[in-house]
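First chain written, first letter: the chains are A, B, C, D, E and F, and each begins at residue 1.
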C-alpha cells in the first residue's frame, strides 16, 4: 500500500524502467523495493532521488557502511520505521555486524539524551566551540 | 549561562572534582566544557553521564571518529546547536576532514528528505525488510 | 482501538452528540471518525478541538485545500501516520490532485533536507532575514 | 559564521560563480545569501541543491507562494530558525500577506497539537483513511 | 523582535487590552510577555490561545506545577528555547525546586534515549500494552 | 519481532538473567517485556539501561506517577508508539486516572502548539526569562 499505489515494472513507462534497471543493476538484485515503486508516479523526481541516493551513498571519503549508519541514525531519530528497517538491511549488506549495530544504537541513544539535557539545562555554547568560519 | 549556573572547579565538591579530573585527563585538556559544569549540580547524574559518554564514545567495533559522526547526525536532526558545535569539534580532533564533513552532511540531508517522502507516500514496509528476529 | 476506547453516537451524552452532529453536518457525511470518538471522553476538550479545527481550517485568506496541505506538511514532518492518512483524504476532497500531492511532497522533502544542511553547516542568519518587528 | 566559513563571490571558482550568478539572476538580486555561501565548499552539492530548490519551488500545479508556506510549515515544525526567517521573507515576496501568515500559523499550531493528541490517545486509523493504492 | 513586531498595551485595541488585563490579573504581574505581544496581531487567536492556556494549565486533577513540568518536557523535546526558558520560570513560581528540576531532566533524558533504542531495535509492542479500548 | 530478536529467560546467560530477575522483582511481575528482551543482546547495555531506568523512575523529589507522565509527554512528542503504550500502562499502575490522562494530554497538545507559534512568530526571549546562572 501507498498513497498513489505502486508502479510495477510491467506497467512502468521507459523513463521509470530505466531507473528501475539502474537500481537493480547497482544493487545486484532483481527486485525494486516499495519506496521506488511509490515514487515512480513522479518519474522526474524518482530519477533525481535515485541519482542523489546513488551518488551520496557511494564510497567516497566515507565508507558506504558508515554512510548507512549515519542514515540509520537520522531515521531512528525521526522515527521512520520504513527507513530504519530498509537501511538496517543495507547496512548489514555493507558490513554492519551485530557489534557495530549495538555500538551505533548506544551512540544514538546517548546523543538523543544529551541533546535534551543541553536544552533543559540551557547550556550556553563554549567560545571554543563556536564556528570560526 | 545555564539554568542553574555553572559549577567551576574551585567551587566543586570532591565528587564533582573527581569527574572533572577524569574528563580533563581523558581528553588531554585543562578545561571542562559548559555541558559538564551545568550538569554538576546533580553530581550523581554528572558521574553517570560522563561514564556513559566515555564508555560509549570510546573505540570498539566502531572507530571513535565514526561515533562522533553518528552523534552529529542525531544532533543535526534534533537541531541541538550546542551539540552540533561541540561534537563537530570532537569529530575534527578524531580525524574528520572537510571532505568527510561534507559527505556526512549530504547523507544527513538525504535521509531527512527520504524519511519524509516515505511518510507522505505512506510506503508499506517490504516483507524483505521486516525484522525477522 | 484507542487509549480510552471510542464513544459511539448511541452511547454519547448530549454534549458529545451535539459535536458529532455538527461534525457530520459540516463535513456532509454520516460518519464520525476515530479521532473524535477517542477525544469524546473529554467532552469539553472535544468541543474546543472541534471548534478550533472548524474555524482554523475554514476558508479565509487561504483556501481550504492549501490549509490541508500545510496540515499534511506538519504531519509528515512529525511522522503522524493517522494525521497523514486522514488529511490526505481531506485534501483530496478539497481539490488536491495527484500533481499537487507530488509537488507538495517535493517541497516537504526539500525543506526537511535544507533544514538540516543549515543546522550542520551552522549557517548564521543574514541580516536581511532578521525579524524587524 | 558557519562551520567551514563563507565563500564570497570574489574568492569563488568558476563552478561556484556560475551557481551564484544563476541564483542572483533567478531571484533578481545582487546578493547571495549565507546558506549558499556556506554550501559552496562542496561545489557539486551546491549546484545540485540550488537546481533542486529552483525546480521544486517554481510555479507548477502549486503557486510559488503556497510552496513557500509549505516550506515554512516544515521549518517551523523542525524549529529551524534560519529557514523560518529566510522563507518568511521569500513568502512575503511571493505574496504572503499578514492575514495569510496568521492563518498559516494557526494551521501549523493546530496540526502540531492534533498530531500529539492522536499519538497519546493511540487512535487507530479509520478504514476509510487507509491508503488504497 | 518578532515576525510582525510586538503590540504594546498603549497601542492595543480593546479586544487585545482585555486579554492583556486578564493575563496580568491571572498572573499577578504588571507585565505581558513577548509571546502574547507577538500573537496580538491576531486578536481572535490571542484570545483563544490565552483562554486555552489559562484553562488547561489551571489546577485540576493535576497540580499546576506538574502541568508546567509536562509543558517543559515537551518544549525540551522540541528544542523550543523560548518555551523552555519561560516555562521553567513558571514552574519555579509554582513550586519547582532544584531537586525537582534535576529529576525531571533525568526523566526527559532517559525517555528520549529509550524512545530511540525502541525504534532502532524495532521492538514490537507487547500484547499487554496494546490499547484495549 | 525485533532487529536482533528477543532473548528469552531460558536462553539467557547469567548476566542477563540477573537483570531479568531484578526487573521482575522490582515490578512484581513474572514477565519481562519486549524492550528488555530486545536489548539483552548487549548485556552490559541492558544492565546500564535497566539500572538507570530503575533509579531515575523511582520516587524522589517527584512522585513516580508524575515521572511516568513526563516520560509519556516525551514519547508522545517523539511519536514513539511502543513507549506511549508501555508507559501509559506504567502510569496507570502508579495512579494515573482517566482525568489525569486527559489533563496531561491537553497540556501536551497545548505545548506542542505553542512551541510552534513561538517559532513562526519568531518571538525573542524576554529578559526576565533568560537563564541567570
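Quick notes on this one:
We adopt the following convention: a contact is a pair of C-beta atoms (placed from the backbone, for glycine too) under 8 Å apart; a residue touches a chain by one contact, two chains touch by 3 or more.
These numbers come from a predicted model, not from an experiment.
Chains that touch both subunit C and subunit D are the following: A, B, E, F. Path length between subunit A and subunit E in the chain contact graph, taken as the least number of steps between touching chains: 1.
A comparison of the C-E and A-C interfaces places the larger number of contacting C-beta pairs at C-E. Centre-to-centre, using mean CA coordinates, subunit E is 20 Å away from subunit F. One inter-chain figure worth recording: subunit C and subunit F are separated by 27 Å, centre to centre, where each centre is the mean of the chain's CA atoms.
Chain centres here are Cα means. That of subunit B falls 34 Å from that of subunit C. Each of residues 1-4, 38, 52, 77-81, 85, 88, 102, 104-106, 108, 110, 112-117, 119-122, 124, 130-131 in subunit D touches at least two other chains. The touch graph of the protein chains shown is complete. Taken together, the subunit A residues at the contact with subunit E in this complex read 72, 76-77, 79, 81, 84-85, 88, 104-105, 108-110, 112-117, 119-122. Of all residues in subunit A, those touching subunit F in their complex are 79, 88, 98, 101-102, 105-106, 122, 124.
Those residues of subunit C whose C-beta lies close enough to touch subunit F in the complex are 3-4, 41-42, 45, 74, 78-80, 131.
Listed in rising order, the residues of subunit F touching subunit B in the complex are 1-6, 48, 52, 130-133.
Residue ranges on subunit D touching subunit C, taken from their complex, read 1-4, 31, 33-35, 38-39, 49, 52-53, 56-57, 60-62, 66-67, 69-71, 73-75, 77-78, 80-83, 85-89, 97, 99-100, 102-104, 106-108, 110-115, 117-126, 128-131.
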